[in-house]
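Think of it as A, B, C, D and E in the order they're written, each chain with its own count starting at 1.
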Amino acid sequence: MDSVVHSSLPLWACLASLLAAPAIVLFRRELFLREATTFVAAFVKFGLVLAMLPIITSGKVIEFTLVEGFGGVVAPILFRVDGLGMLFALVASSLWIVTSLYAIGYMRGLHEHSQTRFFAFFAISLSATLGVAFAGNLLTLYLFYEMLSLATWPLVTHHQDKEARTGGRTYLTYLLGTSIGFALPALIFTWIKSGGDLSFAGDAILASADLGPAQGLILLLAFCFGFSKAGMMPFHSWLPGAMVAPTPVSALLHAVAVVKVGVFCVIRVFTAVFGVDLLAKLGVATVISWIAAFTVIVSSLIAMSQDNLKRRLAFSTIGQLSYIVLGVSLLSAHAVQGSMMHIAMHAFGKITLFFCAGAIFVATGKKYVSQLSGLGKTMPFTMGAFAIGAMSVTGVPPTGGLLSKFYLVWGAADAQQFALLAVYLVSSVLNGVYFFPVVYRAFFKPAPEGEAAVEGIREAPLACVLPLSITAVGSVLLFFFPGLLLELTKLMTGAQ
Amino acid sequence: MSEQLPAIILLAPLFGALLTGLAGNRDHRRCFPILISALAVSFGCAIALLVQVSQSGPIDYFVGGWNTERVPLGVGIQLRIDALNALLLVVITTVALLTAVYSFRRAGEENTEKTPQFYMLFQMLCVGLLGITVTADAFNLFVLVEVSSLTSYALVAMGSKSRGTVAAFNYLIMGTVGASFYLLGVGYLYMQTGTLNMAAIHEILADPAFGKSSTVFVAFILILVGVWIKMAFFPLYGWLPNAYSYCPSTTSCLLAPLMTKVSVYVMIRVMLSIFGADWVFQSLGWSHTVVWLAVIAILAGSVLALAQVELKKMLCYLIVAEVGYMVGGAWLANHWGMVGAIYHILADAFMTLCLFIAANIFIKHCRADRIDQLEGLFKRMPLTSTGFVVGALAMIGVPPTAGFFSKWYLLRGGIESGQWGYVIALLVSSLVNAVLFFRIIEIAYFGKNPAESHDHAHDEDSHQGQAGEATLLGGEGRPATVIPLLITAAIVILLGVFNAPVVEIIQQALEGMPVVGAAAAAR
Amino acid sequence: MIVPFDIIILIFLVITALISLRVRDLLGATMILGVYSFLICLLWAEMGAVDVAFTEAAVGAGVSTVFMIATIYHTRRHSSD
Amino acid sequence: MEFLNASVIPYFNYWIYVVLMMIGLHAMITKNNLIKKLIGMSIFQTAIILFYVSIGVKTGSTIPILEHHHDEGHAETAHAVAESGDHHAEETDHEKSDHGNNEHAIEADHGIDPDHFANPLPHVLMLTAIVVGVSTLGVALAISQSIYKDFGSLEENEILAKIKQGGPGVDV
Amino acid sequence: MKWFGLIATVFTGILLLSAVPDFAAFGDPDSPANGGLGDHPSVSQYYITDTYTDTKVPNIVTAVLADYRGYDTMFETVVIFAAGIAIFAILRSFSGPVAPSHPTAIDTSVEGDHQRIIIGTTCRVIIPVIQLFALYVVAHGHHSPGGGFQGGVILGASFILVALAKDLSAALGRFSEKRYLALGSVGILIYAGFGLLCVALERNFLDYEILHRIMPATDPIMARSHSMLGVEVGVAFTVTAIMFAIYANLSSKGRLEQGF
């Protein structure tokens, strides 16, 4: 059993960005100070997460109780850092640094309004994300999950125009609707069934509960659809809607933080709420598998038909998220490991792609795939990074995406689910089909007549290009040095 | 002196009212300090009582000292403070105090020449509500209900809006019917038991012979219907929306959080302390029917709220829905449902207060009360908006606000008792609340609709002229209105985060009057 | 047992109540309400509730009638129903 | 006739109270004129008072005032009562002796037969109820005057029509 | 609305009647309310047998009203007071005098002055008598029907009579607005003051017994009796003031000028 370390580090890691929000508001006139605050907070946060890393890798767990629960009346609000949480926190906090840099370039480049509000809510969103990562029980998880939905709303609707209004409406309708309508009752039902235990520590919450297959299925579905940030069909359409947001938001939140929070919650539900053993006994996980498989295929097909680059990426994200859900629902150790790794791999790949999309928009104002012809010549760094990101998401070596997909496929084989294995393979092909035309068009098609005047390299601002290069390099590095990730995921699957 | 607290808590505002009458007429500026100090004394008493009760159990206080050995229970009037009403006392005094701060200068503007009278009615209303809460005598409760009702009719009718007067008349008619039904019910009980003391009645009714008595049955229905009218439970809610939305702003801040909640308290008190859970849930066996009524109330309240274009009206219909929550929770006939209902009394009082204060500041600021006229307020009034958003989130039930945890307990009760209709209604109403409030937040956040911007251009300019963006709080209301709002918002959150100790106290209260009675436990 | 006196008064009570609600002249209705109050006060006195009867005589038959007339004087005397 | 004898005549007061209450309630709900509503309210409230007073009636009893020759000076009797009060604490059973109208019987309280006096408690309660009734009536009348000032009418349908029109005097 | 009202009324009626056969017979001295239930003797029996020893007040109703249930009565007075303040708050208008041309519903034109003289003279004769009687009712409430409330109403009615016979301003000349509002407050102040005095002497609220310490020449029981008189006077003050206040406001539409 893992030994427990009590430390307030998780709280401070969480608070680092939350406390930065008022400071950002305070410095709203001093642009330099404001952005410096963002950076300092990002680095502090990352540092705090890193500080916890040695403890976690040594096989221990950090716990911290924020609010006590009294005599079984209600669950306490409690932080608990384990391998999975650590992995997610590392990804989120490291990418925040990069995104901050990118956001400054992007927002300044486009002279966006209300930048202060933007940065403040961005910081709050990160706090909520880390809160989810470090949540020690379902109640805390739910609390930060809701906080994240609400804190990102102003970011999604940042443009405050009609489109943003509609997008924001869809966003909240789906996220709040499902979390209140499905997740909350599921949560309370779990609380009753388990006799007042919601903690992730020790055995799975429902491991010893008396639960029939029908109840189990309903509960599982309620959780999976309730955490609709995971984007499983039919509750996926908030994500394309959210693409009205400025690109840094789409990049960090809708490729990393928000959506990954969704799948993170689903993984928690599978591993810590039900437990693999119980699910295997009930045999209900296949239903989820097939829903996820359906989502994977259908979203890839839809992605192919999208001309708006960000929307194409969004549908790709939906598919990739369901990879993770599918992996964890296979209930084999390797697949679960693959799912967890895919959180990180996909994060690096997809954020690169979004950064690229944003950089293209900043530099040229182009939003559509069909406009990208010949762009490889004027924006070689951006498009190069785009190619790497696309490779990673598709799973082509030498990028990190290959590793996680490998584990997923391995897991499917372990579980003897060859039909689902085929789904993985087919969808990888589809990924290629919708990404590589973009790369091809950029590098090998001549620019349209009217724009031929542009000569030489016309990249986006350095603050935009630098981050996307970093994340692209990161994707490649993850292929060569996946040790830490493997270690963290093993901590989780080994514990089962 | 500490054993006299149950009397002093009421006497402070009573003397406050009298002093206001004697001293305030000459100089209106004297009213406010008197009000604040009277309510502060009450508040202190309430806190002291809560501490005392949670440490050493219920307090019995016999007015007139009629509790010697040879005097049977019920000869004099008894006040009884257990954990339940101690909590409620704290809520009432806190809400009253916050509203009092809010009323600073506002009341003077709204009732120029009648400020002392306004404050007298204000304090007498508090006397009534506190009295309802502390008493353990069924008839005394009626008298105090009348004190609070009569003052609230007047407070509603005082406004300058003529529709408010009409609403006050309806309120008066309905209120009188409600109170009379209650009185009649008490009469029926008195006829069967020969006493008016709640504990004594309870003791007599515990005899199973009364399980079938049609008099007791009718008494219960009369009291229940009477209290339902007072709390605006669904089919009987007609008086509430107009009365609360066309009255002066301070009045609405005081009445909306307190009146219905206190009525719910009375219902719970009647159910548990007079009739007893055994009788109500076992002999009567109506809990399914009432929970379904509550479901209808919740859904109807939510749907009607959706149909409103005026902000305060919408909030009023939400109160109707919230009453459904509490009635339903109380009638789930299990422990957690009751805990949820009681916790929701506390939570809803502060949520409603928060929303009403914010709404009143908005309305004053925009000089308009329609939802679509609230454009761009967030930029101009960030603090008020924060308060409003906190209240809205609590209404929706977002953690960690108090609204989430009350829903948590209510849902738990609903699931445990298998009342799925109620569970679904709660969730649907949460979603409707989400739609409602985000519609407002959207309007207030996005600023004006491009289509109709020219209508309000001058409005915008005038504010820019006044404050511009130079100061953060340029467009805010007065500190006296914003500070209570922020305190309330903080309470809403703190009550949520620290719900466990509160629930502990509620459970302590329910130990004295179990929801699942002895008969049910024995089965 | 109930004495016939009671029964007669009770029946008269119902009659006066109905009349006062039927009469369209509000002043008349108020007067008849006064009669009603007076009758009920007699009844209570007969039932042994002298204090209640006394109060009702002073309040129901006396002051509240005056209050009502004061209001009718300032509003409309005729009622539609 | 049998029904009358069995369930109406012994409960005649209660039947009439219900009838009066229905009359009042019906008027409060359906009458169009506000003053008529208030007349209904008065009838409604007196019906309840009638009910309460009826509870307290005892056949063959007298009014709840002990006869008392108070020309004998207070201090002396008070003293005697104080003594007998102490005395009383030991004796708990109320022996029912003949009701005596003399001073002595009153002082030795167990000489009082409760059956000889009407039940005082409903009377007390109803004094309060009457007071509440007149207060409510007063406030209601004030509100109706205020309505008349704003709408020029006391008929509910006319008022509602004016509100709908948003006519003069209506500030919505 | 008509049908709804009828259905609601009939339903209520049936509900109420359904319980009637379960009632104890009318006038039954052994009904639960009158005689108590088995081992629970009814409180009213206690009142009848013990009031005199407890309080030395022969009128049981007064004793119960002002002592046993004095707390109720205090709030009953508060209700009255609240009604007075409420009516002031709703109706009182301070705007300047308005021409008395508004149409009145009732024709009050009196034929000639001689009727006014008759009324005036009669009133001059009977008003003192009424007021004296009112004071008697207040003071004699211990021994006969009556008490603070009834006396107060009568006293208030005598002022109303002044207003009716002459006009409102004449009555207000004797009993001005400032005075009656203050008197209303003072009445409750007296009542609650008695209670608070008991608290100050370390007994429960309204436990008059202890007041014998500060009242001259009383014992605990007479202290109750005397304090009851005191609170009745308080009630009478408030009721007098508020009855007149209500009338004054209602009869002049809150302007306190002419009245009728």
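Keep in mind that, in the parts below, a contact is a pair of C-beta atoms (placed from the backbone, for glycine too) under 8 Å apart; a residue touches a chain by one contact, two chains touch by 3 or more.
From a predicted model like this one, the values you see are computed outputs, not experimental measurements.
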Trace the shortest sequence of touching chains from chain B to chain C and report its length in steps.
2
List every chain that touches both chain C and chain E.
D
Tell me which chains count as touching both chain C and chain D.
E
Suppose chain centres are the mean of their C-alpha atoms. Which chain sits farthest from chain E?
A
Closest chain to the overall C-alpha centroid, by per-chain C-alpha centroid: which is it?
B
Looking at Cα centroids only, farthest away from chain D lies chain A
Counting C-beta pairs in contact, which comes out ahead: B-E or A-B?
B-E
Could you grab the centroid distance between chain A and chain E? Build each centroid from C-alpha atoms only and quote it in angstrom.
73
For chain D versus chain E, what separation do you get between their C-alpha means, in angstrom?
13
Centroid from C-alpha atoms only, then distance chain B to chain D, rounded to Å. What do you get?
30
Junction residues of chain C, two or more chains touched
1-2, 50-51, 55, 59, 63, 67, 70-72, 74-76
Return the residues of chain E touching two or more other chains; collapse runs of consecutive numbers into ranges.
16, 21, 23, 26-27, 31, 33-35, 42-44, 47, 59, 61, 69, 72, 76, 79, 82-83, 86-87, 90, 145, 149, 246, 250, 253
For chain B, jot down the residues that touch at least 2 other chains.
139, 143, 146, 150, 153-154, 157, 165, 184, 190-191, 196
Go ahead and list every pair of chains that touch.
A-B, B-D, B-E, C-D, C-E, D-E
Would you mind writing out the residues of chain D in touch with chain C in their complex?
9-10, 12-13, 16, 19-20, 23-24, 27, 31-33, 35-36, 38-40, 42-43, 46, 49-50, 53-54, 56-59, 61-65, 118, 122-124, 126-127, 130-131, 133-134, 137-138, 141, 144-145, 148, 153-155
For the complex, which residues does chain E have touching chain D?
1-2, 4-6, 8-10, 12-13, 16-17, 20-21, 23, 25-29, 31, 33-35, 42-45, 47-54, 56, 58-61, 64-65, 69, 72-73, 76, 79-80, 82-84, 86-87, 90-91, 143-145, 149, 217, 219-222, 225, 246, 249-250, 253-254
Chain B touches which residues of chain A in the complex?
67-71, 73-74, 76-77, 139, 142-143, 146-147, 150, 154, 157, 160, 162, 164-165, 168-169, 172-173, 176-177, 180-181, 184-185, 188-189, 191-192
In the complex of these two chains, what residues of chain D are touching chain B?
21, 25, 28, 34, 37, 41, 44-45, 48, 51-52, 55, 88-89, 92, 121-122, 125, 128-129, 132, 135-136, 139-140, 142-144, 146-147, 150-151, 159, 163, 169-172
Which residues of chain B touch chain D in the complex?
69-70, 139, 143, 146, 150, 153-154, 157, 160-163, 165-166, 168-169, 172-173, 176-177, 180, 183-184, 187, 190-191, 196
